[in-house]
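Next up is a structure, given as structure tokens.
Letters A, B, C and D mark the chains in the order given here, with residues in each chain numbered from 1 onward.
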Amino acid sequence: MRIFVFAGSLRKDSVNKKLAGLISQKLEGLGAEVDFADFREFEMPLYDNDIEQSDGLPAGAQGLADRISASDAFVIVTPEYNHSIPGPLKNAIDWISRIRPYPTAGKICFLASAAPSMVGGSRAVIALRPVLSPMGAWLSGDSFSLAQANQAFDDNGGLANADIEKLLDGMLDRFVKVSASAQTS
Amino acid sequence: MRIFVFAGSLRKDSVNKKLAGLISQKLEGLGAEVDFADFREFEMPLYDNDIEQSDGLPAGAQGLADRISASDAFVIVTPEYNHSIPGPLKNAIDWISRIRPYPTAGKICFLASAAPSMVGGSRAVIALRPVLSPMGAWLSGDSFSLAQANQAFDDNGGLANADIEKLLDGMLDRFVKVSASAQTS
Amino acid sequence: MRIFVFAGSLRKDSVNKKLAGLISQKLEGLGAEVDFADFREFEMPLYDNDIEQSDGLPAGAQGLADRISASDAFVIVTPEYNHSIPGPLKNAIDWISRIRPYPTAGKICFLASAAPSMVGGSRAVIALRPVLSPMGAWLSGDSFSLAQANQAFDDNGGLANADIEKLLDGMLDRFVKVSASAQTS
Amino acid sequence: MRIFVFAGSLRKDSVNKKLAGLISQKLEGLGAEVDFADFREFEMPLYDNDIEQSDGLPAGAQGLADRISASDAFVIVTPEYNHSIPGPLKNAIDWISRIRPYPTAGKICFLASAAPSMVGGSRAVIALRPVLSPMGAWLSGDSFSLAQANQAFDDNGGLANADIEKLLDGMLDRFVKVSASAQTS
């Protein structure tokens, strides 16, 4: 089973990328084949219907869609900007949403977030659900938000707090089991 | 496989109950064992922590929780009140959320709505997701909102519009397949 | 200028009531006439359209609507149940929403919340906005969420943290100024 | 009194721009000084904290912020992409949110939307509220969503349906009165 993982942040040194990396490693440990991407790989302009009409889907958006399509399940680790989805991540979703059938349709999706705040970006996860559900993604019953993310990692890239790491491990275990078993198509 | 179905409306003559009945019938046709409930069966007061401390969970709330727990998956057909979840339905969810583990944990959940408006109650579905996800429910990648519900049914209780009925049929087919196959626990 | 204040919690010993009391006191200090209510004053059943048809609006719902109507502005201090509006509060809003014009129409509204968590109930505030906006309430540009509310009050009922108290004071000052000046009708 | 108006769409021939134009004209008729902008004036890249660190705010984002700051109130007419805020509009908001104090702080804000669907883009308005409220904007008690927007305009750029135009007129009248009178700072 193949799982696609990326973080919705463009900056190089992002706690969300760090969390996406940790999740990827854990999913591999659970037997999944992981396709990990850096969001910077998917270059694309701001969505503009005129551009779509004249030039079609930008290569970066098509690339992101293809990586999701080629997987059985996917993980988005999202920063929270202004209590909601980061503009660049929403922009990428808007581009790939132009493809039919949706690349996300029938894929089990695990949402995570990380932020320096005490909320850990959970409002971005909340805002993503009504966007991804109508695109046919099956949202995991779990989601993981890492609070105070600047101090949450130990030197080896694991989580400093063992209880929080155990919580994440349980969620990912369920996610892999469901993704492997569910016949969504 | 057992699926619990109810509509979050107390009134006797509700389009949501009608839709819940239709969905139940269709799920049985797809081979599921259906437990259909009238929301009026679950009598309970407004949530008050003082009442919970002195009297524990009301019988109606416990009954609703037990019916969900005894099922592999569940369907809520929700009216939309003021662009969100009806107070009585949210109240019932608040009561059952006091039980650990959550009765909803690991259950696949299909959300539907019906309303006389052109939106068909979809904002109640949107508002339910961030409530049910943290209670461990796995939200179906599909949800169904029946617009202009007052005129949507034919004389036999089916949907008057064949295209819309086909859409619903496809969603329920996927829901049954995923519920039967997914190992969420 | 008259401001109506209540907390959407039924329990006697609620941090939300405590915060509503503190806000009332501060609003009086700013020159407003405050009408403070205990949510328990407004007894009403779960919303049921059949009951409304046969018996009309319950006295408790009418009472709540009248108190809002008689004021120039209002404050709701809300607990957060399951990441959203408490069932009993939503139920009360659903009842009063049956009145035309809406009792809330054209009233400036300040939303606050308190909770033991680090989020301080802010998700209930987020969920209330799309409910109250279509009922014509003008939502203050500020809202106040009190995190770790169990330890947030000092022995005199003030806030233990002076910075947080100052933040609240600034918000209430703006709220009173706008409520006094804005010609919303 | 000065009101800034723009539509969150980049395409040239957008129903949202058309609605923004109509609103601008009506606001001028009500005595306001209107500053109308085309969203294409504000060129900016996808938000990237690394770019912000190295280059500061892009000129387009600064320009948008300046136009809001120079006004007493503002109007956003938003398309709805995937049940939420368009990526490019959220991206612009994310950029200007880096400025302190927020350019939106203390400004009365009227939200509108237009879409070919029956919902008229109202879910984008719903998604914008929890973004703009914490940025200090005072959200109008009214918002306007134009359904079936492709057929909603007459040949003179007015609304074909007189009842809907009257609804909009009432909302804008209140918006101008409140914006002119409210002392939000």
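Methods note: a residue touches a chain if its C-beta (ideal position, glycine included) is under 8 Å from a C-beta of that chain, and two chains touch if they have at least 3 such contacts.
Note that the coordinates shown come from a computational prediction; the quantities given were computed from them, not determined experimentally.
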Self-check item: subunit D and subunit C - chains in contact with each
Solution: A, B
Practice problem: Tell me which of A-B and A-D has more C-beta pairs in contact. | Solution: A-D
Quiz item: Of all chains present, which has the mean Cα position farthest from that of subunit B?
Solution: D
Practice problem: Provide the C-alpha centroid distance between subunit A and subunit D, rounded to the nearest whole angstrom. | Solution: 29
Quiz prompt | For subunit B paired with subunit D, centre-to-centre distance based on mean C-alpha positions, whole Å | solution = 36
Quiz item: Got the subunit B residues that touch at least 2 other chains?
Solution: 83, 123, 126, 130, 134
Practice problem: May I ask you to sort the chain touch graph into line, ring, star, complete or other? | Solution: complete
Quiz item: So in the complex, which bits of subunit A are touching subunit C?
Solution: 83, 118-119, 122-123, 126, 147
Practice problem: Name, in rising order, each residue of subunit C that touches subunit B in their complex. | Solution: 9-12, 14, 46-50, 81-95, 97, 123, 127, 130-131, 134-135
Quiz prompt | subunit C - residues contacting subunit D, complex | solution = 105-106, 126, 129-130, 133-134, 136-143, 174, 177-178, 180-185
